[in-house]
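Multiple structures are listed underneath, in structure tokens.
What follows is chain A paired twice: with chain B in the first complex and chain C in the second.
Now for the complex of A and B:
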């Protein structure tokens, strides 16, 4: 049974990298199509639309981050990997905010990004504002990241 | 520091001087000319002043700009520009004498533009013709053995059919087929000219009287006439085509050579593009001028600090009157900002939100103080900061002619880099934990690491979170303070109390009250608990301010019932403060993201290096992973830091006091690409 704890903890780490990464892939892909469309018309907007394309990409990074600190904590990257079942489940729960919010926010952020790319195409001088709309969505990914980080660091001190 | 005061300017001059005056203004670039066409002078029944439409002249100039740009493109394609225009390079300075020498040469330059246009057109034609000829040559290939002209139809008594049959066939097969479908003909002769698996080229000769039957028989065999014509034998045709190709190739080379010969006159092309751009702009202004038979009127805005210089400059050179006046309250005065070297780089950040509206202060200074700090906290790695700061410094040093806006952006990132260096050392992050990893992996020393000056957020995340909230509160209170300042300046003392002081009391009181609750302090990791007496004072403050907000939050409503409801809704705004403060948790999250991902790459590198047994190869592999990984991490986190610093400024900070809505001051200036003419 003791291996099950490790399994669930790793499942959490994998899910956060997997779902958040998948969301970002979808998001960056979608925004990339819009960005490419703008560049066909006006190549000078490349750097601006590239920034906007990258905005939904951060969730994947946050997912990687959570996966990595979970793996360090549970000893997959070396060290003691003896995790009780309860603790393993706790790690799984701690990873879920990043996994799920990461996926959903990346998908929706990409829609805001696509719209912002359209805005920049029509009014290149409004880049500053265009950038803020997708950034608003990202707030929730950051909050989820925060909860996941604090929970994972917290679990290390829980004695079960 | 401030929004620059503007004056309205009226210039009345002689009509003969109008172009020179405009050119002078264009070079100085200090006057924004009002293109206001709704002024009374525009009236149809105004017999003195009228506007002259210059759009046809402008169209010519714009066409010249397009032609010259195309010519420059042609030249750049043939001979690449040794100093290509990059985003940093900016415009070269040109003296007025050089400008005038070049203007004198403009007809010759335009000749070159036309010549380059013609050459490029010829080149395009040749490029289209060559593949066509090559194709023709290929079609001729199977017929080369054939000695007669392709349109040979036979002699006096015979008829010849020249063409192809599908697939490879022998003359015997053809004879058999003809014999089968037309058994009663006198005789037929089949010559195979060439044969391949796809097609067989043949000539069939028969007597004229049998011609129809033979043709019929051939048609059954899918006989096709070749897509060739001409009265010459194929060999001769092929030779001609080859000669033609060679001739075209020589011609193309000649054209290339001629185009290349213009390479040393590239600067003139650039000049002529700029020259016509400027003239086109000038004529646009001319169209908007109110002119009488002998005079013209020009109105616009000028920065207050340039007024006397402008007046003396104009009156010294021309016979004209320059008048300045203070703009009316109702006028839409353009906005220009002026700041010290520390804040000025952020003017573009302010501008991309919105410039200060009427009566608003320039927020650049307070924004700049927080901007570099917040950016640094989010990127928070000393090495990344150094790369940014040094990279930007090198760019600034290398490109002297850089445009102002670009220079400011680079300066902004340089200062952000310095902020990052500061926080990086505070938190002990230099390429993440690279110092420790390298010391352990390659030197076997586990005791070396870069200690943080303050603390390591990764081991004390709650402390960092509390610090982020504290910084957020300071940021928000600064915003409120700026609102207070404006209210007091405009003598709206009551508004100041209702909208600012009450909120200071309410939010400040809540924070103090929360700090008296042991559960909250232990959660935030604060080492002290405020005495309960402070909590009671805070509670009283909160109650007073809450009642105050309920009573005054909806003070624009006359109906008391409505007013109280609106006041309650205003009190609900406290949740806004809660979410604003929580929003600063991104400082922790993004800071951690940088250092954890840096750690990931360091660990990956050291794991691979250890696996390879250390040594030189291990180190090289480590270095590759290190460089790629950290470049990636730096790029993505610098982007994140930039975006989220802007967000904190735009949403949380500006939300407290700043509306914007000002119009940017756009002086009539040299809107050129390559040169900047200076006196």
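Now for the complex of A and C:
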């Protein structure tokens, strides 16, 4: 049973890195296509569109962070890896907000980024405002990150 | 999100900055003469191939548009809807050339602006090898050639070809599955039908002629339009008042060119939301239409300047701009 606990906890860590990372890859790829389009005709916009392209990439980093913390907590990175099934399931549940919200927010943030890149192409002076639109989507990825972090650290103090 | 157009739409966004706006049109109108007009155009990147003739300048701008679109889209057949009119123009020219046994330079539209090589059309008509033509053109090519050979009626030949062109444009727009291309097909056919109905009414054509000339579309009931055209201009206005083209009635009453301007402006207004569309083929189609509209307006201004027409009469013909 203790092995199953470890399995579920690791599954949570893997899902967090996998889904959030996949969402970021899709998002950065989409925004990259639009960014390349702008730079083809106006290379001076490179730094601006690069920032907009990178915005959907943060979810992948958050997912990695959650996976790393989880693996540290369950002893995969060293220490005692003997955890109960209930605790393993709790770790899985704790990782899910970052995994699911990470994937969805990265995909939708890329749409906002593509639109913002179009805005920068037409009005380079409005870069500040263009950044805000995709950045708003980031809020929900950060909220999910917070919930996952608080839950993972909270589980360590639960005796089950 | 249709991923294959993200790069293309971003490039279109940059190119939209170079489109001529209404302020540039005003600047062109306020120039004193043709050469000054060319200078203003040159300042906006309209340099042509060094020639000062309006046709070569406009043709070079059209080539630039298609070259640019060619860089963005691998399969250009999606834009065939914009080129079918040129193909059918070439078909008309080939049939008339072959049937009259004469040859005229410059009557064909260049193959860069067509879906079929004009030489292929010419050869197919000359050899009566209609199978060499695309499927949508085979039957009408045969019919129009035989009609002209047997009756010598050039107008009937034109009607057959024009109707086939409109049906092809309409069907191609619908088949594309894209809202903008479908709308273009619909508006092109509807405006051509209204123009035909008005002209037929004024020249006293009968119902049989109208049924042969009008092409089907969703926004017009051809039976009602043909019956109204066979009756009187007032009957046409009464019918149009019940359709989506009620706004066009004052323009139709004014003049054919005012109605043409209304049609072009309507297309431009319909495609304008594409300025805010970050993906899909819509912004590309809208850019092509915007460029065509721009070229049409510049042609009107240039010919006005060349022929020393009053500014006001040129101004009322200039189209609304996309940007």
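Some observations on this one:
Simple rule for what comes next: the second predicted complex is superposed on the first by the 160 of 160 C-alpha atoms of A that agree within 3 Å, B and C clash if a C-alpha of one lies under 4 Å from a C-alpha of the other, contacts with A are read in each partner's own complex, and residues count from 1 in each chain.
To be clear about the criterion, contacts are C-beta pairs under 8 Å (C-beta built on N, C-alpha and C of every residue); 3 or more make two chains touch, one makes a residue touch a chain.
What you see is a predicted model; the values in this text were computed from it and never measured.
With the two structures aligned on chain A, chain B fits next to chain C without clashing.
In the superposition on chain A, contact of A:153 is made with chain B only, not with chain C. Once chain A of one complex is fitted onto chain A of the other, the partner contacts of A:142 are limited to chain B, with no touch recorded for chain C.
In the superposition on chain A, contact of A:75 is made with neither chain B nor chain C. With both complexes superposed, B is the one of chain B and chain C in contact with more chain A residues. By the touch criterion defined above, A:126 lies against chain B but remains apart from chain C after alignment on the C-alpha atoms of chain A. In the superposition on chain A, contact of A:57 is made with chain B only, not with chain C. Note on the composite model: angle chain B-chain A-chain C, taken at the C-alpha centres, equals 50°, rounded to the nearest 10. No C-alpha atom of chain B lies closer than 7 Å to any C-alpha atom of chain C in the overlay. Taken in their complex, chain B has these residues touching chain A: 349, 351-353, 461-462, 465, 582-583, 585-586, 588-590, 592-593, 596-597, 599-600, 603, 636, 639-640, 643-644, 646-647, 650-651. Against chain B, the residues of chain A that register as touching in their complex are 51, 54-55, 57-58, 61-62, 64-65, 68-69, 77, 125-129, 131-132, 135-136, 138-139, 142-143, 145-146, 149-150, 153. Touching chain C in their complex are the following residues of chain A: 30, 33-38, 40-42, 110-111, 114-115, 117-118, 121-122. Those residues of chain C that touch chain A in the shared complex are 1, 3, 6-11, 13-17, 278-279.
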